[in-house]
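Questions regarding the structure given below will be posed in turn.
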């Protein structure tokens, strides 16, 4: 059995199990889900440990360099004159995806631990949760565009229901906003996907193919096809490849999210229940970044290079805009949501630079943000669960009431604001270094990006000062004080590994860089080659 | 223009005019009495077409019998029928009457069309009758001949009608009976 | 010269007027009058044509029959009208739309 | 371990690692231990720092004047760049290592008494962590690690300033400190990135060593050329600006100095270690490390800023009433001296002053701590509503606290720069070189040494004011509350021992056997460039004489003002007084203009986000809804309407025909007649 296939479908299996179990066993559902995610985590660690590095395992545009590959014919239709429609079940990982998988597995476990607070309709919740888990895992493994798209869309559905049914007061609004935003992006992506399919032929069989890796090779584009590199077709007065890049980029930029396509995120995060916020921030945003690397840059490298300035600009705007917005918030969850916008701006900036440092930094930032935002949302969830309030002005001096909690908050905050020793520092520093080094984006962007680091210190420290320090003063008075109990074992179990991971990645960045380096170098080399 | 012609037009105008009044009037009593005028004028027209016996019968039966019957019925039916009449609008051409008027006019139109196009005066049998002296002349005495014919040629219809009249008489009497015992 | 056509036209006019009365009036008695008008129009035709039948007197004889029958029908009709009135307290034919009570 | 130098010495490397590592271990142990450990954690940290000091001594012994060498180990690889973790050994790192641990030890001992046992666990967790960061900062060999520890130092300072986190002022102060330091950090980060892109390495030795990469790069025609890369020359200046920001933030130079006075909200022992001796000196240390990068213009800028800061801080210190704030501004002022010294190429003097200042300023802070501690006692005992740090409430303490008094006087003399103290040596060396430096330049460069001389006079005044207010005269509280009983004393050995130690270190013998000639100080010689000028001009005699005479005069003036109560000082409502009292309104300016503007801007952006971007989205939604409504309307009234029309027609026809069967006789008649007519007409027409 292929490890990746197992990795993807373990959650689905357990999800089915939950669906068939009778309702009176509903107390066991969370344990079943936890078991599923733990098995997935074990598989993820196995994948990580057995992932071979070296230039011959770089992946990116060489199919044989991918690892844990499984390729099965899936849909094969004879379309007469139009040839055969061929869709493969094609999964495999390279350096770019392996860390995303491990991170997903970790975040999922944390999210399950955060799901203890869910009280209503447990069967539905956990079934949808596992479905989401499967879809996310699938997205990171799929090497067939059709399969990728399938999983990509499959993520939407459970999320919509998870936000819309278990969310906060304005959950319907948030859910529909999220859904429409994402759908808006992916629907147009579908068109480009079909266009690519019709342009690309499998060199082996001569059929059109959805194979992502075939799409990366300019030689596979049939002469005169829409997206062919040599034929310079125009669509609506824009070069077709630029249009294709733009459309797919918008789809992923919504996910990342990039200003000005970000407004779904604060609402969705604020309204979603804690586990869903964790998954949203921890994993879903990374799908955007991953998609930009794998698809936007993989398939349209020359557009990515020529448009690097604009990507970088969007990144810088996201960094500063998100940080300034976070500064204006008084809802803790919303503040963290905007900080996500700011932090994910670094990802875009790093990717735009198309240097080894920048892309590695962006990857690191994604992993780091995955852990840190999970931690932050988990922490917000704890306080919200206890007093059902998260307005920063309603708390004061929490450090006295909940010292351990405050310690974790401080770790999470300082790690997020890029304190050296934590993962975000390495990520942000090298993202900026790559940006400065890049010849594609102007130098001043790196300097502007670093302002984001300053602002992140401002809003996190302000929150710390306002909410955790000072004399104890709670809006709810004595009853709140009673509710604000110390951390439970389960919560510590969730927070501690995250803190350790953030620290470990900061002290030993090679845990990440060691695995991704070859792939990143291959990606950079590949983009240069195509342009040449 | 001969006197006969004048008389004809006079009678025709009276007949049609009074009939129109009957049709247009809201007042039942007036229309009933105007109906007299029509009937008389018709009797005049019968005379002009040399059927004096029929004209006399017309006057006797209709004017003497039927109209009296109608007046009786009208009076017996009480005030409600008058009330219904009072509700009707006074306009000559009321909208709700329009379909009826249109149908009537259409009928008239079609009839007139047929009559004009039939050229009835040139019909073969009429020419025959004129040629074989079968046409009445004003000097003829018709009543004898009529009586003979009724009793000979038309005996069967005559008898049938008398039985019919009897039945009608019985029926009318039965219907008009008080329903006390019913 | 008064021709047959003149008579026919007069009778047609009367017939039409009778028709109109039948259609438009909301009173059974007036409708009866309309019927009488139409009958009279028919009789006028019989009489007019009867002028050309001196031997058999067909027209005039049937005119007489018709007049008599008209009298009979009128009598029956008026009896019915009275009954109807007794039962429905109206003689508007529109409102008498039930076959059974 | 790979080495870049033949003089590899594993003993030195091990000792260095131990020296830096022991506090980390202590910190980690304290962090993991339960909070109740109390004094035990204090002694654990003291032991750790004692160990550090010992190992630092060994390292110093081996490394001092033994050339420059480094060891490194690959840390991680990113792209084609290998990032190393390593240690750099030269006189600077050896000296700093020793200095930090030497100052830290007395402060640690002092803290075991100063901090309540219940809070010691947390306190020593932070303090040891600070020591670790600081010690590591001075020995690392590359810019990435330098930056990392640079920021960790700031972070531990944040923790320590906000140690009493229930005090609002403390947490506001630590936030401010961290954010201002962050400004410096991003400057440093930008500079590091620029240097990395330009030279493709982070290695300090390779970059700034003799014949290093920086040495071999130059600026031609607006292009900054290095062996590895070239950039527009503006980026060279940006790199300088970034480093300057970093230095200004860490060493509290104008315009980023405002955090340091506020940082006095932290425990006094912390102020003594971090905000007087070590962390604030990190800026100067950084300047030393990257010194070859700067060109003349940039050095001039440094000199001017340093001089201005020194002057400004000294004027502010004149009127402050808070004991610790006076010392804080004095620290800023002295740091200004050091920065200026760097700017005027008096590299060795700057470091010399750094070391001497570290000793006497931490001594002064510890003294202040003792005084404040005692006043706090009085306050707690009598439930008074006073500020224990306000010097206006003090007075006459010299008899009650003799050790503290003597220690303070030693510290103050060193600060003023009177002979026989270490301060005399270092400060005079700076002043003399300032004059020498101005000599060779245009006349207006003379403003610099003159104003620094003036600053020296101001220093003498505020120091004298402090001494007289605190130790002479009568205890002021006694005048207000006559029945107060004062058990004021020097405190336990844990208080006295550090004071004595540091006071001894503030005297001349530690640095030079000749108390009047700074050139003879071993420390000064250790940093002397080979081609340094010998003692050859008149300044070497005149300047010390002028300074000392002026100082003595000023001290007497202060004596006249504060003890003999003569009105010789400017009035308290003059503009100058208010300017000084309100810290030149710089803080007010930042708060009112910059912070408010940023907050307003962020709120405006949030409004923009909610109203404009979301509004746009919403208007899209509304447009969509409108279209949907339109189509729904069309669906209902046009499409459905058509169907409805058909049904209506059918129904109409139906009811039309039904009406014929409605039991209405006349309708039957109608239909019959119409039928006949129709037939008739058809017959006619056909």
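Order as written gives the chain letters A, B, C and D; numbering starts at 1 within each chain.
What we mean here is this: contacts are C-beta pairs under 8 Å (C-beta built on N, C-alpha and C of every residue); 3 or more make two chains touch, one makes a residue touch a chain.
Predicted model only: the values in this text are computed from it and were never measured.
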Chain separated most widely from subunit A, comparing mean CA positions: B
Approximate Å spacing (C-alpha centroids) for the pair subunit A, subunit B: 103
Separation of subunit C from subunit D, taking each centre as the mean of its C-alpha atoms, in whole Å: 123
Distance from subunit D to subunit A - Cα centre to Cα centre, in angstrom: 35
Subunit B and subunit C, separation of their C-alpha mean positions in angstrom: 6
Residues of subunit D touching at least two other chains: 670, 673
Junction residues of subunit B - those touching two or more other chains: 99-100, 103, 107
Residues of subunit A whose C-beta touches two or more other chains: none
Pairs of chains, among all present, that meet the touch criterion: A-D, B-C, B-D, C-D
In the complex with subunit B, residue positions of subunit C that touch it: 1-10, 12-21, 23-24, 26-27, 29-30, 32-34, 36-37, 40, 43-44, 47-48, 50-57, 59-65, 67-76, 78-83, 85-86, 89-92
For the subunit C and subunit D complex, residues of the former touching the latter: 19, 22-23, 93-94, 96-99
Complex contacts: residues of subunit D adjacent to subunit B: 670, 673-674, 677, 680-681, 684
Partner subunit D, residues of subunit A touching it in the complex: 177, 180-181, 259-260, 262-263, 321, 324-325, 327-329, 355-357, 360-361, 397, 399-400, 403, 414, 419-421, 425, 429-430, 432-434, 436-437, 443, 446-447, 450-451, 453-454, 457-458, 461-462, 464-465, 468-472, 508-510, 513-514, 517, 520-521, 524
Subunit D-facing residues of subunit B, complex: 99-100, 103, 106-107, 110, 113
